[in-house]
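What follows is a group of structures, each given as structure tokens.
Common to both upcoming complexes is chain A, partnered first by chain B, then by chain C.
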Partner chain A sequence: MTSRLLLLLLCGALPLLAQDPRLTSRFAAPVALRLAATIDSAEREGLPTEPMVLRALEGQAKGATPDQIIAALARLGGALRTARTTLGPEAPAPELTTAAAALQAGVPQLRLSELRQLRGGMPVTAPLGAYLDLIARGASADGAWNRISDLARRRASDAEFVRLTPTDVDREAKPVRPPRPPANQGPP
Partner chain B sequence: MTDGLEPGDPLDRMVTLLREPVPIAPGLARRAGERLRRQRKARVTGGMVLLLLIGLFEAAVHRQPSGTSITFAIAAPTVRSIALVGDFTDWRSDRVQLERTRSGLWQATVKLRPGRYRFAYLVDHEQWRADARAASAPDDFGRPTSVVTVVGN
Partner chain C sequence: MRIVTLGTVFSLLAVMPLAAQLQVETGGGQARLDQMPSSSLTALGGSLDALLGRTHFQFAGNADDHIGLGVAGVMTAGLHYRFTPAGWNIELGPTGDVARGIGEQWAGTLAADLRARRDIGHFAMHAGWQQGIAFTGSQRSAWRRPSLGADVRFGAVKVGASWQGTVVQDSVLKTTGFFDPIAQPDTLYRAQVRDIHDVGVTLGWSAGVLSIGARVGRRFGVNILPQTWWEGHAALHVTPIMSVTMRTGRLAADALLALRGGQYTTLGVQLDLLQRTRPTQRPVTFAPAQIVRESPATVHLFFVLPLSTRRATLASDLTEWRAVELTRSNDGRWEVVLNASAGVHRLNISTDGSPWRAPPGLPAIEDGFGANVGLLVLDK
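Right after this comes the complex of A and B.
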């Protein structure tokens, strides 16, 4: 009975033993085990684990407490899950990671699915990243979205999205004034 | 005599003839041996050259860091050191140190594969700073964080 229990415990702990060496080298063993359990759970769901490992390492570098890091991983895991539900089970890891960042930055889920439809089979990573960057640099969310969705509709390349600046968005958003007729028309 | 055939039978003579040793022209065996050795040597040499080419190709692929060169820069005339820390360094501060230029600008160039990376500058081993030219990113840990997006060529 005891041996069976030990075997079950060992089988349960095996995935944790195979945890990322970056975690074991940077965290104390009990913390590394907690992190590995969270990341392992995401992996079993088929979510990308690399962004979670990186977020844990980021927290460690920035002096966060283990609880803060665990909480951050839980939020990121939730965002990745929502991103996969929105973009579909076939969405590759870079897309899910960027979509999760968008969701965490407050981008509505509806915009993710709209962008997926606009892009057809093309990846949404670059347009979504460009959209986030534009907003972070001070462009209005609606103005940036109009510009991004317009480019997506025209099947623009990834480089075209990344080249966008808030100035491009502002220029687009400003209404174009019709040319004013000359006040004094001279003789022909 | 062949079994079942009468002596003098044409078939018996033919079989007997076929069983006789065939004379080989002098030097033929030597020439055939040399030719075989040459073919074997050529195959071995060709194989070695192929292996060498594969090795050189592999070495070139692995030695040459792939990706796009991105230059990170921050103006900080009065600080002693700045490390570039981010997803691409596994958030280790000992991987990429910025170098100070005469104008007080600190910079470093790294090769990055296409993707979206979070990063920040660690100034004098204690102060986190964002990149003023890059987009900022929400941070779970209350520190300034920037983001860079790299697209493929």
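Right after this comes the complex of A and C.
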């Protein structure tokens, strides 16, 4: 009876022993155990765990409560799941991570799915990164998406996405006004 | 003797639409001037560096009391017009000095000053030309001072090399026999040209609350005694406006202002009441964030932060959310080099102890913890 109890206790402690040392070094043992359970659950589903560990560390750095961190991990796990569903079970971890970040940044799942189809077997990391970058630099979300999807449709290389600038998006989005004859000059 | 460069910035400038730096510093220690006994030293000084539009004004002065020997002091001022053609930073204008060494007469200089600087990434080069006259008592001499230099930055370390030439044309008493008013009817004096070269190297390191710098060089030339000069300083930034400083060095004499060379060591306090970007190095236009992929394994980040920023830290996926210090680069931006792989990385910065926030110029999203986080997109 005692040996069974010890075995049960040992089995219960195994997840803690297998935890990422970054978690055990920065969180109290009970919190680290909860985080490990969440991350282990994601790992069993085949989701990448590195972004989850980093998200937990981010929460700790920002002084978040354990409940807030667990909730953030749950949301990230959901985004990773959605990304994998959209991109396919064979999508590599960097692609899933980028796609999850894009989803959490507000990119609609539909666009992710469209991008997957347009790119075929090519990775979506560069187009997604370029899309986020364009929006950050002031391009409109729709304009940026039109430019990205155009390039993806033409099977553009990663380098072509990287070279995109907001000016390229604006050039596409804004209709060019034809020059007016001198006699027609006046207020627009 | 120009012993200590001391600095402070007055808060009244905080409301003025200019980039400015005003510092004051006081300290004490030991000094030994050439041909004089060693003495205790107390020093007080200040500097103002201000840019209003294209007008650049600089002033610096310090007074050093060599206990038992006397007081020495020097003031320098310059007013330059600044323009920036094709990436160069060129300044042109008058500059002048007034000084008095221990046991010396008042001396001064007045000169036209042209200087140029170009920053190319981590590399910078500079050149200058001064042409003027010097007054020592009732005597005058003409002089010119060309200079060249370059420096390069490796992360928190900056190394540089420079050359400065000083050509002084003055007159001295003739020493060839008796004065013969028939054979030499014009004057008791003969022309003398001193051609002085100073070649030196500099090293600077700044990280977190500690800054260290040193320079060493050699003086040689015609009608000048060859000698080696060197200086070292360390500053511990205790608060955003106060630093504890230690300075030591062996300076060469000032040929224009008749100031003695000598050795010194001081410990002092520096107040920096208005810390803004140095006007001569102020970026004209920079993107709020610049991402430079220096190798597939590293990324060099530059951020434009408020001019009043004294300390900046970054935490990111790339640092496993441990805070790392950013350093202020020559052009006034804040920079850090991180190990990084391709992908989307989250990062935050904090300035002067403020809460974490998304860095300027990067896409920001809600971080899930009640604040924002920036996204760093690395495509390769």
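By definition in this document, the second predicted complex is superposed on the first by the 164 of 188 C-alpha atoms of A that agree within 3 Å, B and C clash if a C-alpha of one lies under 4 Å from a C-alpha of the other, contacts with A are read in each partner's own complex, and residues count from 1 in each chain.
The rule we apply is simple: a residue touches a chain if its C-beta (ideal position, glycine included) is under 8 Å from a C-beta of that chain, and two chains touch if they have at least 3 such contacts.
In this text, all values refer to a predicted model and were calculated from it rather than measured experimentally.
Upon superposition of the two complexes on chain A, a steric clash is found between chain B and chain C. In the superposition on chain A, A:102 makes contact with chain C only, not with chain B. After overlaying the two complexes on the shared chain, residue contacts for A:57 are found with chain B and with chain C alike.
Residue contacts after overlaying the shared chain place A:153 against neither chain B nor chain C. In the superposed model, A:94 makes contact with both chain B and chain C. Once the two complexes are overlaid on chain A, the chain A residues touched by chain B in the first and by chain C in the second are 22, 54-55, 57-62, 64, 68, 71-72, 75-76, 94, 97-98, 101, 104-105, 125-126, 129-130, 132-133, 136-137, 158, 161-162. Touching chain B in their complex are the following residues of chain A: 22, 54-55, 57-64, 68, 71-72, 75-76, 94, 97-98, 101, 104-105, 125-126, 129-130, 132-134, 136-137, 158-159, 161-162. Only residues 22, 51, 54-55, 57-62, 64, 68-69, 71-72, 75-76, 94, 97-98, 101-102, 104-106, 125-126, 128-130, 132-133, 135-137, 158, 161-162 of chain A touch chain C when the two sit together in their complex.
The part of chain C that touches chain A in the complex is made up of residues 315, 317, 320-323, 341-344, 346, 348, 356, 361-365, 367-371, 373, 375, 377-380.
Residues of chain B that touch chain A in their complex: 85, 87, 90-93, 114-116, 118, 122, 128, 135-143, 145, 147, 149, 151-152.
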